[in-house]
Amino acid sequence: MPEKHTILVQLDTDALPSTFDRVVAVDAGAQHIFSYGGVTPENVVTLVHGCIFTRGAKDLHRTAIFVGGSDVAAGEAVVAAIRKQLIPAAKLTVSVMLDSNGANSTAAAAVRAAARHVNLDSVESLVLGGTGPVGQRVARLLAKHGGHVRLGSRQLDRAEAVAAKIRQEVPGAKIEAVSVATSSDGPKALQGRELVIAAGAPGVLLLPKKVRDTAKQLRVVIDLNGVPPAGIEGVGLGDRAKDHDGIVGYGAIGVGDTKMKIHKAALVALFEKSDLLLDIDEIYEIALRLP
Amino acid sequence: MPEKHTILVQLDTDALPSTFDRVVAVDAGAQHIFSYGGVTPENVVTLVHGCIFTRGAKDLHRTAIFVGGSDVAAGEAVVAAIRKQLIPAAKLTVSVMLDSNGANSTAAAAVRAAARHVNLDSVESLVLGGTGPVGQRVARLLAKHGGHVRLGSRQLDRAEAVAAKIRQEVPGAKIEAVSVATSSDGPKALQGRELVIAAGAPGVLLLPKKVRDTAKQLRVVIDLNGVPPAGIEGVGLGDRAKDHDGIVGYGAIGVGDTKMKIHKAALVALFEKSDLLLDIDEIYEIALRLP
Amino acid sequence: MPEKHTILVQLDTDALPSTFDRVVAVDAGAQHIFSYGGVTPENVVTLVHGCIFTRGAKDLHRTAIFVGGSDVAAGEAVVAAIRKQLIPAAKLTVSVMLDSNGANSTAAAAVRAAARHVNLDSVESLVLGGTGPVGQRVARLLAKHGGHVRLGSRQLDRAEAVAAKIRQEVPGAKIEAVSVATSSDGPKALQGRELVIAAGAPGVLLLPKKVRDTAKQLRVVIDLNGVPPAGIEGVGLGDRAKDHDGIVGYGAIGVGDTKMKIHKAALVALFEKSDLLLDIDEIYEIALRLP
């Protein structure tokens, strides 16, 4: 008897489910894709039941759920609601991947890009826009590698909260919250940093060139802002290990290839087991195994 | 020229079309599944036109419609609206299956489970929750087989109406409406019954163990309630021909395998002709032909 | 490495995306069809981004967009919004086809039907319902071929506006707006005409038989009205080159086969390049190449 077809259930918190995520699912080889928009923690319940009560436990690895949409917090709430419906005791589970707004695959790709140029175990880094969904994930991954991380935000109290959470969840994390609200904050935050990753809101300049020039140790800058003007002045959208007077630069499109490879590899991994939750740590593990 | 791909148009009266029905359609081999939510008798009209006016009459058996959703009455209204748009005189028809809330496949599966243990031509049965969509269908199938059926409901007038309808539609049906409103009703309704099938609302206890113990002829109990507590006290969700002190018991999951086989076989049958209406009688016929 | 699967993104301006367009897409061989309803110029933006930012430029011809729905003006607005998002300078484009309400494929099919019986380079024609989406397209195609076209409408000013637009866009077009508001207008508009194509609102009689009888040169009548009563009295829905006392007649279903062939051929053409816009002129070119 041939194996059952693979089914990816795409649950999107936006009204119209993402074509981006669906094209990637096709290219990752999913045989059937069920796309739903307007998914909430409430209406997801029967959608999950339809996943776990249709195929027997031994075939449930051929059904998987992808949660997406532009709002990462909404996606996280849907994932939490999904997991309440799974029944591990009866092996009635399906694997679930979260990549709302591409946050997980983008954060993983940015850190992999940095790894080509610095030693992540010891690099001193600064994450700008560090309280947003991508920034938090980047900081977490850097902290897990072991280097010292500064997490910058215009609101110091929010940066402190995120840093505290990472310290709690990542044993031994060396992470420090810093304010980047005033013009004197920038140079201070940059002091001694070899790596800067900017993950702020689209079109917001986080690091002007004249501030950047004050950072003598700086070796790598990665700007994840996809909408001009750049978050790191002077870095182009398509920069990919581009030399800027001795500093290596990446733009959002420049890390896009790696992001896409991670996204696809995670989708393939989803169908290998029936009980995976692929969030930032798991997706980064998959990124590490890529050739 | 190769045959055209099969297309199942899934029309669901709920806002988000059922993943359950769609997974089953994949596993039954439908090559393309078009899923629509929020379908009503009004907006279904152009959806049906798109089915019948696209492929020539000789290929229309490769397009079929499945009507589902949690509300059986809403599904029935959609089926009625669909059939008004078909044009049999011009052979512009597609086959249609109704299985809102799984009512048809569940009722057929329950009766097939009973047939393993009793002679349906003569068995004396009681259907609890007999006025609901599943209960009505179970009672109708039992009456067609020829045994004497008691149809129980807390509202006697509603039970009478359902019994009258079955009497009218099934020649020679031996069916009697009974009240199960008071504590003394239970033992009376059960008297002489060999088979009890409970199809009440989720989580409502219809048959307490102490009442069941009064039924000396009882041989088979089938509880279609999928949400604890059980509709028939003591029967487990997963019971499948389980012995309970000489009485054979089935729970909702216990009849699930048979239900799934019937559901899939009906989907396969849909694509054999272009003019089928698969409602309870036709789906039961398909169940009878299963190995 | 095998070619990427073809993906047709069906963007429909109605709430429920057309089953008609989706069945035709299956039969034209699209491997994956993503169907969206309720598409507007606003919400289409991210849908387009998901198309152009997922596959590399060399594979973008395997993703294409089809715009449909019952409202042609709404479809045109969506196409305009889509094209604003494409980035030809970076080769980040996908091909787009517009066929809202079947207007383009129907107009092309009607003109191809006429070509079997008259010389389009010189035929004198009358288009009834000439200001509607199908009528405008039919008149444009006839004018491009070179014959003299009368564009009839009950509102002369609207007919004048459409004629002026066609004169501007089609060099050398011989086109004249005529009123068909009063009972004496009909015979005047018909005078000398060999071909009449009616593309009015469903169920509206545009050409009564007794008026038609006054047209001594008339050789071909094509009625695109799909809902009885006929737009051209006496022409049947299924007429296909049917003789009516020396006049050849076609009804809406009679041109349906050709329409379907054009629709499918256009869908196939969509996947040959990544920068096509298939509107009336391009779809008619495809129709001309059909065997």
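When the chains are written out, they are named A, B and C in that same order, and each has its own residue count from 1.
By definition in this document, a residue touches a chain if its C-beta (ideal position, glycine included) is under 8 Å from a C-beta of that chain, and two chains touch if they have at least 3 such contacts.
Note that the structure is a prediction, hence the values are computed from the model and not measured.
With chains as nodes and touching pairs as edges, the resulting graph is complete, every pair of chains being joined. Two copies of one chain, subunit B and subunit C, form a contact in which under half of the residue numbers belong to both partners. Rotation relating subunit A to subunit B, from a C-alpha superposition: 120°, rounded in steps of 5. Computed centre separation for the pair subunit B/subunit C is 46 angstrom, with centres defined by C-alpha atoms.
Multi-chain contact residues of subunit A (touching two or more other chains): none found. Across the interface of their complex, subunit C is touched by residues 4-5, 7, 9, 32, 34, 36, 38-39, 43, 46-51, 53-55, 63 of subunit B.
By the touch criterion stated above, subunit C contacts subunit B in their complex at residues 14-16, 18-24, 26-27, 33, 35, 70, 256, 260.
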